[in-house]
Amino acid sequence: MAQVFDRGLLLALKLSALIAVALVVAGFYLWRWAIDWPYQVGSPPPQPLPFSHLHHVGEDGIDCRYCHTSVETSPFAGIPSSDTCMSCHSQLFREVPLFQVLHQSVSDGTRLRWSAVNEIPDFVYFNHSAHISHGVPCTACHGRVDEMPMTERAASLHMRWCLACHRQPAQHLVMPAQVFSTMAQGSADPARQRALLTHYGLNMRRWLTDCSTCHR
Amino acid sequence: MKSPADIASPNVLTQMRGTDALTAPQQERRRVLGLMAASAALVGAGCSAPDERYLVPYAEGPEQLLPGVPVLYATALAERGYAIGALVETNDGRPTKVEGNPRHPASLGSTTPQMQASVLQLWDPARSSVLLNRGQIGLWPQLQTAIESQRAALEQSAGAGLHILMRPSTSPLLASQLERIRQRYPRLQIAVYDPLASDSQPAGTQLAFGRALEPLYHFDRVRVVVTLDADFLQGQPGSVRYARDLISRRIPDRGADMSRLYAVESTPGLIGALADHRLSARPDQIEALAYRLADAFAIAAPAAPAQSPAARWEQGLLADLRAHRGACLVIPGDGMPPAVHALACALNEQLGTPGVTHAYLEPLGYQPTSAAGSLDSLRMLTEAASAGAVQLLLILDGNPVYDAPADLQFASALARIPQSLHLSAYVDETSAACTWHIPATHPFEQWGDLRAYDGTTSLIQPLIAPLYGGHSAHELLDLLTPLQASEDHAQLQALWRSRADADFDQRWRGWLRAGLIDGTAAPAASARLQLTTLPAPQFARSPEAQPVATAPAAAVGSAPAGRAVQLIFAADQSVRDGQWSNNAWLQELPRSMSKLTWGNAAYVSPRTAAALGVQTGDEIWLEQNEGSGLPRQLRVGVWVLPQQPDGCITLPLGYGRTSAGPVGDGVGFDAYPLRLAAAPWYGQAHARRAGTRWSPALTQRDQTLHGRDELLPLATLGQFRREPRFATASEDERVPDHTLYPAYPYPGYKWAMTIDLNACIGCNACTIACQAENNIPVVGAEQVRLGRVMHWIRIDRYEDDRPEAVDPLDTAGSARTRTLFQPVPCMQCEHAPCEEVCPVDATVHDSQGLNLQIYNRCIGTRFCSNNCPYKVRRFNFLQYSNQSVEALKALQNPDVTVRRRGVMEKCTYCLQRIERARIAAELEHRGVRDGEIVTACQAVCPTQAIRFGNLNDPQAQVLMTKASARNYSLLADLNTRPRTTYLARVLNPAEPDRG
Amino acid sequence: MADSPTPVAELRAGDIPAGWSYRSLTEKITYIVFYRRSRLPWFTGLALCLLLSLMFCAAVGYLLFNGPGIWGIAIPVAWGYAIGNYVWWIGMAQGGTFISAVLLLVSQTWRRSINRSAEAMTLFAAVMAGLFPILHLGRPWFFYWLAPYPNKMELWPQWRSPLVWDFFAIAAYLLVSLMFWYAGLLPDLASMRDRARGRLTQVLFALAALGWRGEARHWKRHQTAYLLVAGMAAPLVVSVHSVVSLDYAIGNTPGFHSTIFPPYFVAGALFSGFAMVLTLLIPMRRFFHLEELITPAIIDNMAKVMFAVNWVLIYSYVAETFTNFYSGDPYERYMSLDRLTGLYAPVYWIQIFCNVIATQVLWWRWARRNLTVLFILSLVIQLGMWIERFIITVQPLHRDFLPSAWGAFSPTRWDWLTLFGSCAFFVLLLLLFVRLLPAISIHDLRGQLHEQYGSSAGKPGQQSGQRSAEQPT
Amino acid sequence: MNSHPEPVRLYGLLAEFDSADALLQAVYRAREAGFHRLEAYSPFSIEGLDEALGGTREYVPLITLGGGVLGALIGYFLQWYSATINYPINVGGRPLDSWPAFLPVTFEIAVLGAAFAALLGMLALNGLPRLMHPLFELEEFRRASSDRFFLCICSRDQRFDPQATRGFLDSLGALAVLEVPE
């Protein structure tokens, strides 16, 4: 008989073992990637109109609330209706063919279908007004939209990400005046952080990590 | 994904003009409607991989709308043609929930189960959506031309052959329209028919006062109430308010003397369960009792049969009435003959205080051509039709082919009418028999007005454009008299502008906002009692006078030959006369007295059942050959009910529909074929065992306490005065103070609830309100049979016979057990046993002390349900929530996650309402105030049995109720520390010795 | 055997009749795997099990597609067959480990010829047991949420839940049993390797044997490790079913909430486990002519142990019922009364017959040695124990605190299909096992032979010839 | 017997016996003769054989203990950390650190760790898996797993000398003496 195995066979065995391990690891990451779709950070989805926050916010300096009117008063920031756009574009860039969609929408009432950039599952109840009123700046979640030619997601929006802030809100908070500023930045100074927490009444914040805060 | 708001919102815009929301912000700012809220509710918990979504904003933004912020609109819904004020919650233009209108006298913030279910009716995909002409799809213009072509001829004949058949209505607009039409067609005949209407009531007042009047009661000013087969707690235009008033005098903690309630019933109902003294009697016995009462108080009436089956009971009653002259009321039932109603009027003039305890109003509803009453008007119509004298018939809502008395042969008469138009929300039995069917609008889709039981007028405003292209009665009538302004809105404004004085437009907005037109309550009619000769008792002569039980018992067991029984027809608690048959919420709402869903049953007393040789689950044949020649047969399922009088079989109406829709078709049996015009409420038949069986779909199988009295402590008023803490008397029923666990602090909010068992009348409103608010799915009869009903708050019913429970005056014995109700939602235990055993933290506590259920974390081990001593958790054993029908998705409350298959769910104290109020308060940098959060069950409860609030708020009402001596926790000795507690039931029977 | 000095029937438990040699033992046992031509019964059995197993898979597929609503469960009886089956299987699994581990620790040499198959049975039963808790979930695809792992939700298992304990208990038990089994198998795999003919089988066995050579120091360490793992497995036998019992005992439902449950469950487990080993050994012994290795004395011993445990179980029955009445708790009392007289009483009395009445034949030696009697009895016990688990799970739930919530449970065809399907799958695995691996520990028997006959044991020329009659020449 | 014309590097010489006692005797004799690099192969574990070979220090129990303790620590820490530090949640009013409830899992993980350590430790110390070994070259060695007992004197032993050692092994009454090529 001699040996059951020879060197070649052994090598083959070891190699196949290695490959198997590699496949498992690869598979795992593939799966992770798959369940994240379409929640990818930094990949702007195609839009009916090439709307640029970079231009409107960064260059023209239009305030968030001009279009997202209900952000302070309702759970939803609000997506501007076509006639909101027309308040400027009835005059500006009338003839640019790109705006055909918009004009048509206003004329015959066909609605624009924007791809949702920041989408959370239906069992998560996010409330814009609550965050705004507690000094969470737009930038904390949406990033520097004033630097985005095409709007893209700035944060993963995973529960872990939400929790990070709900557990330690201090370093993200800003004074009410700064909330809508594109430069808004939480302060690193502990004293100031404490002050902000007191100002927004977030000193006792066990409830921030209650399940009921986001799930109903 | 097509969003439901695509269906709804554009219409909202067109309709919203000119309307005002009760909560609409005053400043006019351009608002935008995002659809996230709409889509949010659609895909439920446990959705795996997220899919691409779109945000579809309006092309033209609507006014006054905040995305995701529900708006309440004030309107009114009809109960037997009378208004009950409602506030309808719309989310992004989709009506999703009905609340009562606190300012409306008939509502005071509460509603009936039917009003809750009306939202489902609105979205019901089975609603008729096309106009039919002889079964072919037709168009409105075609109909117009068809009528046009007739109009000339009609005007020539001054409207001879033109008939209108309608349900009772108190709408001033409709009345004015009809009058206008009558002027044009003087010979127009109008019939008003409602299968549940009582003709005895107007006839009775006719006898008593010389003209038809409508009684109005003030139960909050009454010490002794006597009902003669009258269950005024449900199904009446004033029921909701009456319940509130009655209960306001029955809370022992309050200083005022507790009122006492005597109920005489031929069919066990809510009033009997509530009564301190209850007597079950056959209709003829009740009638006789009425005569004896009249006798006792010297009212001219033919001598009644002297012998009384319950002499002691009657003496007790008489004694009480004498003792409280001036503060008593006698309420006659719809089915009682006119004489009894007249006697009641006479008695109330003596025992009550006119103007204080009760009043009479001129009739509020539209009066048919023949003042004789609704049944007569229908009879006249039928005769005219079968005589070929009817050319054109307009049926404005209603289903006479199905619900007209059998012996009228309405269907065959209808067939002889060349042109018949039927306006109805569904293509029902009548639609099929008419030449035209016109889809009707839902009350939420049209303008209109209605008057309440006390005459107060409410405006009805549309909350959404017709979903299924329906038309209103006003539109249809306009075909007969074309006007310039033929649009409802304009007509309504025209009418009320004429009646209002200066600055109409501002008042108009005020009325819409308030939901009623103030100062329209009807003045009390000046009625002088002119009681002349009364007819002799009507039933006394009926052969069934002698009870079945006394018949030879030989027949027991062996299939008995036809045995004479008395039939009692009653509206079904849920589907009423059948107009709610296709409403799944109502179908699955357990009937209070039997916990039966999805169908009706013949209620039979134990002795009669024994005599017939049947028991619950068996079927019997009912045979009838009175009235018209041909014998009618009906096979019905038996339900044995202890309180049912012997020899009487109660048949709930409204079932056995053949053309109700996918939900209602073929459910239960149709009792109308046995209902005769001569005796619409109490018929006769011969009953015999069928030998077949039926399987009831029950939500509660075992309805006895098995001696576990501690679940429902009970005391008479006397005992309560002697020992206020009777509910927590015995040591082991107190909450143990000792515990191994360190107490969790709840510094912020600390929500809690109390349920007053003295106030609960078991009307089921809370159950269905909860269903509407929390997107609770319907599971269907089969799943209910398996025990998988999903209601988050159920009303337990128990038959109890402990000494405190039974009526001390009733010696009859047969019906001495008392029916007890106990609403059971999640107890929100502080030491929740369910949480401890959940392996994945899917049910945990939050810092407000709420026992949460996190649907998207639940993996469905069902361990929590096993470990819940109250068994209030509900599990989605299959995919129950409807994910396919867009209309049903649009119905969902976007603030509540729709649960998928395999997930546990339960009451969360309406968490979504708590969070909404909390955030609203935080936006104003303040705390939530007491009363800002009202749970769905609390809001709907007619008697305010449910209180909810923050235990850390010294002002909270719930603190006061918790402080009551009657406060106790269910299964306290398990030391689960429930946040929901009960206030024990206290009865107020007359001490028998006091005679 | 006529020519053997002491007839097999009189042998001490664990002794091997004279005349066996190391070689003949090895050949006898490896023969079953390598040379023995599969007979019709085996094939028909395999086919039958395969068919039923396929139906099992179909039932599971239907379940995953529609949800647990296809079963008879509802509120209040939210646990039904799935959990009953689970407890039944995991209980069965106890027996094997008890035999091989505990008997090893107390140096009962008669375990040597039965421990291998007992352990295999344990493994397969544990696999079946592990299946049901997952299947019974409302959303089975999330079962891994019971395991602690870093995740995007930053959530962990709820460690206070007995179900989590269960999850770990079963996992640990399954793995430890597997290791224990493999450790014992290792030297025999070497024997297989060295006797394999086909290249493929040889390679496979060689791989499995890890190059075991039987060097003295290896043997030493192997024995130590084996003993230690046995030491680990022994407490597991007790802990696993105690934990299972806590799934009930932690709950507050009358009939669940009982402190006697852990010992009660362990007793039941061993009882059913031994019964299962008997159900397995008796046919195997006959079918593969192992009468001389699995001697009546061994069977007798097993029956005795089983009977002893049975009495612990009977005591538990009595104690439980007594405490329920003695407690004075009306709910407990009502539950017990309902068990004796209520809806499920007939089923309960069948259980009593199977687990209390029927087993009394074991008082008699003839019964303990009569294989037919034992075999039938073991089956009766399986039935009885399954019913016990059914009653424990369903009956208390259907009559708990609030009468308004009372309901009943009645199984659907899918309940039955999953039950029988799992049994078939279990037997399928066993059938494959006996044809693929040495069903008896060869090296242990060699050791036995050595202890019995010393140096004469291995000598050639002994009657080994006729002993290994079936070996091809 | 395989006798090669040209000398090959030997792993050692292998003596074949037919009983455990014979092997045991042979081992004693070889030790007396001063051989140290001895290997004895048997189809089952023989009492005292490894002592005869000079014995080895027992590490397996220590390793097992280590595995158990480690498992227990990890197990409890995992629960304590996740339940009290990482995400403290009020579950039914129970204390965050419900240590009694944490014991079962701790126990299970401890046992699991110990068992793993025992098995893997044993294999590691035995230098397994080793799929190729000079001994496997010999056809005769197959019987080492059935009914033959072998004593191998390795060529690494300083006293090893192909001729002398073979003579010595013959003198032990071996059934056969075989050369094990490297």
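Residue numbering begins at 1 within each chain, and the chains themselves are lettered A, B, C and D in the order written.
Note that contacts are C-beta pairs under 8 Å (C-beta built on N, C-alpha and C of every residue); 3 or more make two chains touch, one makes a residue touch a chain.
Predicted, not measured: the structure shown is a model, and the values here were computed from it.
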Between A-D and B-C, the pair joined by more C-beta contacts: B-C
Chain occupying the most central position, where position means C-alpha average: B
Chain centre separation (subunit A, subunit D; CA means) in Å: 58
Where subunit A and subunit B are represented by their mean Cα positions, the distance between them in whole Å: 47
Between subunit C and subunit D, centroid-to-centroid distance (C-alpha), Å: 30
Touching two or more other chains - residues of subunit C: 153-158, 160, 164, 193, 206-207
Residue list for subunit D, restricted to those that touch at least two other chains: 87, 89, 91-92, 94, 131-132, 136, 142
Residue numbers of subunit A (touch at least two other chains): 4-5, 13, 163, 211
In the complex, subunit B residues that touch subunit D: 741-744, 829-836, 838, 841, 844-847, 977
Contact footprint of subunit A on subunit C as seen in their complex: 151-155, 193, 202-203, 206-207
Complex contacts: residues of subunit C adjacent to subunit D: 21-23, 26, 148, 154-160, 164-165, 168-169, 171-172, 175-176, 179-180, 182-183, 187, 190-191, 193-195, 206-207, 210-225, 228-229, 232-233, 235-236, 239, 243, 246, 443-444, 446-447, 450, 454-460
Residues on subunit D engaged by subunit A in the complex (per definition of touch): 87, 89, 131-132, 136-137, 139, 142
Subunit B-facing residues of subunit C, complex: 66-70, 72-79, 136-143, 145-146, 153, 155-158, 160-164, 167, 247, 250-253, 256, 330, 334, 397, 400-408
